[in-house]
Amino acid sequence: MLTAVIVLAVIALIAAVVLFVVSKKFAVEEDPRIGRVQEVLPGANCGGCGFAGCSGLATALVAGADKGSIEGLSCPVGGPTVMGQVADLLGMAIEASDPKVAVVRCNGGCESRPRVAEYDGLHTCAAMNATGAGETACGYGCLGCGDCAAACQFGGLRMNEETGLPEVDEDVCTACGACVKVCPRHIIELRKKGPKNRRVFVSCVNKDKGAVARKACQAACIGCGKCQKVCKFDAITVVNNISYIDDSKCRLCTQCVDACPTHAIVKVHFPIKRNVVKLEEEKEEQA
Amino acid sequence: MKLHTFKIGGVHPEDNKLSSDVVAVEAALPKVAVFPLSQHIGAPAKPVVGKGDKVKVGTMIAEASGFVSAPIFSSVSGTVAKIDTVIDATGYQKPAIFINVEGDEWEDRIDRSETLETLANHPELTPEEIVARVKDAGVTGMGGAGFPTFIKLTPPPTAKAECVIINGVECEPYITADYRLMMEHPDEILVGLDLLMKAVRVEKGFIGIEENKPEAIRLLTEKTAHDPRVEVVPLKQKYPQGGEKQLVDAVMNRQVPAPPAIPVSVGAVVQNVGTAYAVYQAVMKRKPLFERYTTVTGKRLDHPANFIVRMGTPFGQLIEACGGLPDCDNKVLAGGPMMGKAVLNLDVPVCKGTNSVTVLSGADAHRQSAQPCIRCGKCVEACPMGLEPYLLATLSSLKDYDRLEKEEVTSCISCGSCQFTCPSHRPILDNILQGKGAVMGIIKARNAAKQTK
Amino acid sequence: MGKLIVSLSPHAHGLDSVERNMRGVIIALLPALLVSFYYFGLGSVVVCLTSIASCMFFEWAITKYLLRRPTTLSDCSAMLTGLLLGMNLPSNFPIWMILIGSLVSIGVGKMTFGGLGCNIFNPALVGRCFLLVSFPAAMTSWPVSGQMDAYTDAVTGATPLSLMKTAIKTGNSHLLENLPSSIDMLLGNMSNGMGAGTMGEVCALALLLGLVYMLCRRIITWHIPVSIIATVLVFSGLLHLANPIYANPLQVILSGGLLLGAIFMATDYVTSPMTHRGQIIYGVAIGFLTVAIRNWGSYPEGMSFAILIMNAFTPLINFYVKPKRFGEKPAANR
């Protein structure tokens, strides 16, 4: 009995000493601010900031604060609120940046973009992209295998089964940019969310000449330049047969939307105008 | 007869050489010939003609635009219709020159006679002159990849060429273009080999042919009996023996180390039989590369055939000449079933590297659905590069690029043996290719960053 | 006109399939199965059919009701597991225990890991070892062969393995003289009232026939079975030379489940290493462990434990043992 007690006591003592020595000797000095910053960050570890996880960003933020600037470091998930808290914590000032959202720039649903072949391989956009144009004749548009939806950690992208195109859930999208990186065709872009979520953008990235692009997809931008002419704010450029709207210059006048002959320019979250509704009704009647 | 072969891996696809005995005939001229500007590895060629220009057969229509590049010659006479884009075998819209065909008028400098010119009759040809003529004629590798030939003939100063190996393996199923070429133009090929040997200043030449072409082995052995420098090497039938590295291993028993090493690092310059023939024509007949042997084949085609095709001819026309596409789902391949590229439409033109138009029909056109990996290790056994395809495929789908690089994904030659052998029908190569592409990009970026430092 | 299909290369396939391989193994097992019917009669038929049927049932039920995904019965792997489990049991084994064994094999051994291809341990052996530790008495009573219409009431006897064990424990090498001759073991002709062991291991010749069949059809390669058998031969041969209480190596190989394990269980695709080098390491280790457990462990048979132990090491072997890369070989002149 006594031996047992002594043996156990000695073992406990030795273990305690070892633990003490090890914890002292191998202790890692960490700036306490890193932990505090990390608590403020969302903890999604999405990598949208460019670091492996939230702790990476926190370390970089603290290091940046020591150097006097945390410019260029930001958490796309937490947005300005979180970055404001971080800046307070570190005693830094940050510029407010416009909230952004992922925008899918392809309008080639099944109806407008006929299928010329059937893809029969690994069901990822990356693999399909390697076969060339994929199932349609458009070598630029959405492939529809949903690599972006799979890459989204927040469930903010969903493949629409009818159109075969991804749809962004704007309430969920944190603009982390994971989908932008993963899309082999670089269709998805982070654009300004805009006032009342209103946005105007060119929903096509096809760089082919007009006739070729139109043949592949009825909703393609043909690079005609009409939008450029009607834009009063110099926000539209047409390069390589494709029009692009600079969201920092665009004033959402929607002139270009009406001017586009292929309806490749899209406006979202605008109230529907009366006369447009009428026009459409008339069209339907005629049809 | 002892048969040589490569030492690691390999598979045995069904032969299906349906058109072995069909003598090659000239294909009809197309109405419009289309010449994509990038038919080779390297920088695309730069057009030197404009809309409305008249061209003859053999007129240069695009010039080389960089060191690794090759000029392109018209295969037809007529008028340049436009310079536009066309979907080529890669599946993408690529810039191309369109020529409306009118008559068949050849450039005067091309020697169209059938007489055989041998090197003995032309002692004035120096190695430099041969390389220059090959370069000017736009000759690129005819086996599929399409690397400009003159670059292979000017090896880097660190490497010393010891022999030329002519690749008459044709290990891809279905294709018979090289076989027909060997049967119909053996003398020209041998002169081509002579020229290649002189160009790289070596005194040894091998011709590697697989055992499933005994007629070609016999014919070329007879023709080379008097020449101690040239040896015909019969090879055991195994895919991918036609891969450069595998062929060097089979013929010379030397293995090319991992990239960036190339065959000439171990002393071998490998050229396809088609290339040897093109070299002969370029040097001796001053005929640039605008015509080639192409097999048009498929189990359900009415009569598979071999054609001497002017480049720029659309696939559809060749398939029509063989009886048209069968009435079912089809997969039309530029190349053979192991490494060929499936094309999106039949307007894709024949290019310098198009050795075959293969039509897989019905059930052959479809893949079977993938089942879970049962870890049988058959892909590891089949991989001719000694890699672990199952692991590379998994790492690729997990996007673990660091480990992919450590597992030597860059050594993969995309031969498809792993996927061919997989009992679970898994898309192994599809996955590996994604990972390989990403890793190559990372390595390139890293090297670029190093250089700027 | 049909559609144009596109995909990346390769566009051809070697027509090999999971089902073909599994069916091949089952065919290779047929000679041994028929021999066991011949020697054990009714009992072996009942045990085998129960085991196959229950394994297939559990596979179907688990995929349908628990995992809710398409059934995988058509790949024949459950049938093979059932057959192997049955052949690893004595022919007088009660039905309710077989059901428990099948449930453990399929449920615990295979499906908990995610089904075919994901399991770490050979499912049939998981079932067998579970039964062995749960019902040691039932699992070590071996019917004497030749009782055609007997099932659980069959007369049992000691197996050659237990005789070898007793010889080592008592240090009495004369006991080994009672062992059947190697020829008898090869044919499965167990005379003098000895228990014949499990149903699958009774006739070595039938198992070897299966091996030849699988090698010819390239279902497995020689590496695993040959390395196991060679290791056992060398290791137990050395022991035999050193001390006659250890049995003759030929009898060691022909007795018990060694051949059944080496040919059919250790070669299981899912749980064996991927590379040939790794497979040889794996086989040699199994050989050593088997001899060690048989001679110095508490169980007379060590094959199934040896295989399960090495199954656990397979991921490690896969991680460290790489195939010979192309270009590794130093340049040699022809």
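Chains: A, B and C, in written order; residue numbering restarts at 1 for each.
Criterion: a contact is a pair of C-beta atoms (placed from the backbone, for glycine too) under 8 Å apart; a residue touches a chain by one contact, two chains touch by 3 or more.
Please read these numbers as outputs of a predicted model, since none were measured by experiment.
Colleague: Which pairing of chains gives the most C-beta pairs in contact?
Modeller: Greatest number of C-beta pairs in contact occurs for B-C.
Colleague: Taking each chain's centre as the average of its Cα atoms, which chain lies closest to the overall Cα centroid?
Modeller: B
Colleague: Could you give the separation in Å between the centres of chain A and chain B, each centre being the mean of its C-alpha atoms?
Modeller: Chain centroid spacing, chain A to chain B, equals 41 Å.
Colleague: Once you find the CA centre of chain B and the CA centre of chain C, what distance in Å lies between them?
Modeller: Result: the chain centres lie 48 Å from each other.
Colleague: State, to the nearest whole Å, the distance from the C-alpha centre of chain A to the C-alpha centre of chain C.
Modeller: 53
Colleague: Could you tell me which residues belong to chain A and also touch two or more other chains?
Modeller: Counting only residues that touch two or more other chains, chain A contributes 116-118, 120-122, 127, 130-132, 134.
Colleague: Any chance you could list the residues of chain C touching two or more other chains?
Modeller: Residues 3-8 of chain C each touch two or more of the other chains.
Colleague: At least two partner chains per residue is the criterion; list those residues in chain B.
Modeller: Residues 91, 329, 331, 341-342, 344-345, 365-367, 427, 430, 433.
Colleague: Which bits of chain A are touching chain B when the two form their complex?
Modeller: 116-118, 120-122, 124, 126-127, 130-134, 137, 139, 208-209, 212
Colleague: Inside the complex, what are the residues of chain C that reach chain B?
Modeller: Listed in rising order, the residues of chain C that touch chain B are 1-14, 16-18, 20-21, 75, 115-118, 221, 269-276, 279, 318, 322-329, 331-334.
Colleague: Quick check: in the complex, which residue numbers of chain B touch chain A?
Modeller: 84-85, 87, 90-93, 329, 331, 341-342, 344-345, 365-367, 427, 430-431, 433-434, 437
Colleague: Okay, in this complex, where on chain B does chain C touch?
Modeller: Listed in rising order, the residues are 7-8, 11-14, 91, 173, 245, 249, 251-258, 261, 266, 325, 327-333, 335, 337-345, 360, 364-368, 371-378, 380-381, 383-388, 390-391, 408, 411, 414-417, 419-425, 427, 429-430, 433.
Colleague: Along chain C, where are the residues that touch chain A in the complex?
Modeller: 3-8
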